[in-house]
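What follows is a group of structures, each given as C-alpha cells.
Shared between the two complexes below is subunit A, which pairs with subunit B and subunit C, respectively.
Up next, the complex of A and B:
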C-alpha cells in the first residue's frame, strides 16, 4: 500500500515583494478621480500643444500682418489676432509649449542641484552642512522677484538660457533644504549604520540606499514645483522680464492685457492664455496633491 | 530667550552685509553711474569737467572705498539722485511708500478676516459640504497665479460690472483731507487688496484646518469634553488658543510675499506705489531708484523674518533649542 504522504502545497516562502514607491504612486493616482481626470486633461493638452507645434512655424506665427489687426475669432483665426495681426491660437500653442518646456527645464535643473546639495549636506553634516545651510538661508531671505527682474534687465545678451539660469540660481534652495532634512533623518536609521559597519562606501550608501527612500518625496516636490515654476515664468514674462519677445510664452499673450482696451474689449487675446495657465497649473497641482497623499502611508486611499 | 534673540540677531548681521555687497555689485554692473543723471539734464557738459566731477565724487576710487561710502550715505538716508525724476530718491520713495504700506496692510487685514473663519469652519466640521467647498477653494487658490487672478478680477469687477475703479489710488477731483477723499481711496484700494487677499488666505486656511484636526483628537480635548465643557468653549479656550499665536507670528514671513505681490498688483491696477515705481524705474534705466528699492525690500524681508522667528520662539519654546 502506498502511503499517501500529505505533502503541503509549496508555500510561497518568498513573501510578496513590497510594491515599489513608483507603483504605489501610480495606483494612488489612478484611484483618485480628480487626479486621474487632471492627468488625462494635462496629457491631452500636452499632446495637442507639442503635436501641433511640430506643424506650426514659430517664425511664421510671430510675423506681423497689419491687414488683420485685432480681428475677432473667425474660421481663419480660431482665436482672432493680436495688435500685430498675429494669430492668437498659434501663439497660444507655441506659448504653452515654451512655458511648459522652460518650466520643466527649471524644475529639473533646480531638482538636480537641490538633490546633490541636500544629500551631501544631510549625509555628511558637520561644517559642510553648516556652510551650505548658511548659504541657503541667505538666498531664501533675498527679495527673489525683484532680484530676478534686476538680473534680467542688466544681463548682456539675454536669452532663454540665461533666463533659466537666473531662475535656477534662486529656486534650488527650497529643494536642497527639504532633501537635507529628509537625509538627516534617514542617516540615523539602522540600515545606514549597518551598511557603514560593513564598509560600504559613502557614495554607495547615498546613491543606492538613501536616495531610493527619498524618491517619493522628490517626485511630489518636483511635481508641485513644476506648477509653481510655470506660474513664475509666465508672471515674469507678463511683467516683461521673462522670455524675450522672439520666444512667446503664455505670459506674453497675457501681457497684452496691460492695454486696458485689450483687457476690456478684446478678450480673445489674453483670456485663453490665462485660462490655459490656470488649467495647467490646477491639473499639475491636483496630480501633485494625489502623489503627496500616496507618499504618506497614513493618507492613502487604499 | 534673550540668548536666542541675541543669537538670531547675530545671524542677521552677516546676511545684511552680504545683501548690501550683492546689491552694491549689482548697482556697479548696471550701466551708468551717479553722473548719468546730470549728464542727461545737461548734455553739453565737456568731458574734462565730467572727469573732474567723477574724481570729486570718488567714482574713480577703489571699489571697497566706494562701497563704504555707499553704505555710509545710505545710513544717513541719502539714496542718490533719480535722473528721470530729477529729485533725491528718498523724496521719491517718501511720496509712494504710503500707498504700498496701505495696500499691504489692507491685504493682511482682509487675509486674516477671510482665512480665520474659513479655517475654523473647515477644521471643526470636517467632511461636510462647507469643508469640501473651503478645501476646494484653497486648492484653486493655491494653484492660481496672482497676476492672472488679479487680471480676471479687474476684467469682471472693474470693467464689466463697473463696481470698482480700474486704476489709480484716488480720484483726481476730490480734495485731500475731505471725507470723499478717504472714501475714494478706500474704493480704489478694495479691488487690489481683495485680489491679493483671496490668493493669500490659502496658507492660513490650510494651516488652521490641519492644526484643528490634529488637536481635536488629543487627550486634553477629550478630558475637557468628558468634564462637560460646552463645545463652543472647547474650541475657543482649548483648541484655537494654541493655533492662533503662530498665525500672528507668520506676519513677518508674509512680507516677502507682499513685496512680490505688490509688484504685480500695482502694475495691474496702475496703483502708484513702490512696486509700480520699481518696474517703471527699471524700464527707464533709472538705476539709483532700482538699487534703493531692492535694498529696502531686502532689509524689510530680513527684519520680517527676524520678527517672525522671535515671536514664534516665544510662543513655542521647542524652536529655541535648535
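Up next, the complex of A and C:
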C-alpha cells in the first residue's frame, strides 16, 4: 500500500547536464509549497512597500495633525492615525521600507566583512587565524545591547546609515566564525593541495576554488540572518534605542503599544506593524529553510 | 640523478602541560635518504602512518621539512621561498590518492585541467581548449567531456583527469601518492598500465607511494621500505622480493595474499613462521627506543637497516 499518492511524478530535467547551485535552490523552492507561497507573499509585500513608498512623502506623513488624533480606520486614513494624528498606513509603508532596508544592508555588510575575515583566517590558519579569532572573541564578549545604547546616545546625527554601521560593527563576528569553520574543512581537501602544487597563487585558490564551494552555505546563512536582522532593528526601536520618531519604522509603530490604552482600545496603531513583522519573518525563514535543504543533498525534496 | 633526498626529517611538536609547551615530537619522517634516477620508478612502501605520504608531500613543498635537503637537479627545494619555488612546480607534479576530493566539484573539466596552463603559460582560450582536448584524448577520455563536471565521471576516469592535469606542464618528476588505492581492482590495472605507457612517452620519473606490494612489484624499478618514519630496506625490485633482509620487509612480503587455494596452508605456515621470527628477532633489528638502524649497504644496490 503506497501512502505517497499525491506526490507529483519526478520531472526529468536534462539528465546529462549537471544542475548549477542556483537551479538546485530554485527547484527546491518550487518543490516546497510553503517556501514558494512565502516567496510570493514576500515579493508582493516588498513590491507594494517599495512601490508605494515612492509616492508617499515622509515629511507629509510624520506631520502632526491635532484634529485627527487616534482616529480609527476610515476612507481617508486606511489604518487610522496615531497619537499625533499621523497616518498609520503611510508610516507602515515607510517603516517597512526602512526596516527591510536596514535588515538587508546589515546582512550584506556583515556578510561581506565576515566572508573576507573568515576566508583569510580559515585558509591561512596559524598566527593569522589566532589573532583574528582572539579579536572576534573579544567583540563577542562585549555586551552588545549596552554598547549600542551608548553609541545611540553619543552619535549626534542618528539616522538609518549610522544605525546600520553600528549594528554591522558587532554582527559580522558570527558570519566570520561560520565561514572560517567551513574554510578550515575545505582547505584540507586534496583539490586545494592540488591547486597549490599546480602553482596557483593563494588569493586565486581562495576566490576561485574555495569560495564557490561555500556559496550555498553563505546564501542560506544570509537568508536566515535577514529575518533576524529585521527583528533586531524592530526590537531596538521598540526599546527606544533604534531610530528616532521622525524616521518611521516597524519598531516605532509596535512600541506605541507600550501605552496600555493603545494596546487595548486602539489596535489599528500597532497590530498591522506586528502582523507585517510576523509575516515577513515567517516568509524569510521558510525560504531560508528550503535553501538550507537545497544545500544538503540528503535533505532535498526535489 | 634527478632527485636526491638527504636526511629528510619532518617532526611535529606535541604540546602538553599547562603552558602548552612542546613536550615531545612526532617523527613522521625521521632521517630518510634516497635518490631517483631519470626515467625510473621508485616505490615507497609501508604500512599506514609510516610517513610515506608525508615524504612525498614534503618533496613537492606541501609540508615544510624540519631538516634535511631535497635536491632537485642540484637545487635544494626546502630552502626556497614560495616565489622561488614557483618555476620548479612545472617540473614536479603530483597525482593524489583520492580522485573524489582532488578535483574541485564546482569546476568543469576544462577549468580543472587548464589550471596549470593558466598559471604558467599565456594561451588564447582556443589554444587552451585544443591542448586540453588533446590531453584528454591521450588519457582515454572523449574530447567533448571538457564541459562536464567531475561527478559525472567514474573513479577511474576521475583519476585519469587528475593524471591529465599533472601531465599538462610536461613535468620531469611525478609523485604518485597511492594513485590507485581508491579504485577497484579492474580499474587499477587500467590506470597503472596507462601510467607506464605515458612514462615512456613523456620520459617521466615516478616516485610511487603505495602500501600494495603487488602494485609496487608491477610498477617499480627500485623500492624503499618505510617503517615508523624511517627506511628499513632499499634495493631493486629483485633484491626486495627475492632476498628480503629486514624482518619488517619479510613480514610485509608474507602478508601478500596468495590467490591459489591449494597454497593456502603453506602461506599460513609461512606467515606464522615470519611472525614468530618477528617476535624473536625484533630487538636485533630495532634499537632500544624502537627506532630502526641506519641503512647499511650489503650489495651495490641493496641496503638494509641492521646494526
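Keep in mind that, in the parts below, the second predicted complex is superposed on the first by the 285 of 302 C-alpha atoms of A that agree within 3 Å, B and C clash if a C-alpha of one lies under 4 Å from a C-alpha of the other, contacts with A are read in each partner's own complex, and residues count from 1 in each chain.
By definition in this document, a residue touches a chain if its C-beta (ideal position, glycine included) is under 8 Å from a C-beta of that chain, and two chains touch if they have at least 3 such contacts.
All values reported here derive from a predicted model rather than from experimental measurement.
Student: Looking at the overlay on subunit A, is there a clash between subunit B and subunit C, or do the two fit?
Tutor: On the superposed model, which is not a single observed complex, subunit B and subunit C fit side by side.
Student: Mind working out whether A:54 is in touch with subunit B, subunit C, both or neither, as first, second, both or neither?
Tutor: neither
Student: Where does A:149 make contact in the superposed view: on subunit B (first), on subunit C (second), on both, or on neither?
Tutor: It touches subunit B, and subunit C stays clear.
Student: Quick one: classify A:235 as touching subunit B (first), subunit C (second), both or neither.
Tutor: first
Student: Output check: A:278 vs subunit B and subunit C. Expected answer is one of first, second, both, neither. What do you get?
Tutor: first
Student: Report for A:199: first if it touches subunit B alone, second if subunit C alone, otherwise both or neither.
Tutor: second
Student: Who contacts more of subunit A, subunit B or subunit C?
Tutor: The larger set of subunit A residues in touch belongs to B.
Student: A:254 in the overlay: touching subunit B, subunit C, both, or neither? Say first, second, both or neither.
Tutor: It touches subunit B, and subunit C stays clear.
Student: When the two complexes are placed on top of each other via chain A, what is the minimal CA separation of subunit B and subunit C in Å?
Tutor: Minimum C-alpha separation, subunit B to subunit C: 6 Å.
Student: Pick out the shared contact residues on subunit A: the ones touching subunit B in one complex and subunit C in the other.
Tutor: Comparing the two interfaces on subunit A, one with subunit B and one with subunit C, no residues are shared.
Student: Flag every residue of subunit B that touches subunit A in the complex, lowest number first.
Tutor: Those residues of subunit B that touch subunit A are 11, 14-15, 18-19, 22, 26, 29-31, 139-140, 142-148, 151-152, 154-155, 159, 166-167, 256, 259-260, 263-264, 267-268, 278-279, 282-283, 290, 293-294, 297-298, 301-302, 305.
Student: Quick check on the complex: what are the subunit A residues that touch subunit B?
Tutor: The touching residues are 134, 137-138, 141-147, 149-151, 153-154, 227, 231-232, 234-235, 238-241, 254, 257-258, 260, 263-264, 267, 270-271, 274, 277-278, 281-282, 284-286, 289.
Student: Across the complex, what residues on subunit A touch subunit C?
Tutor: 16, 18, 21, 189-191, 193-201, 209, 212-213
Student: Which residues of subunit C touch subunit A in the complex?
Tutor: 57, 60-62, 86, 89-90, 92-94, 96-98, 101-107, 115-116, 119-120, 148-149, 151-152, 162, 165
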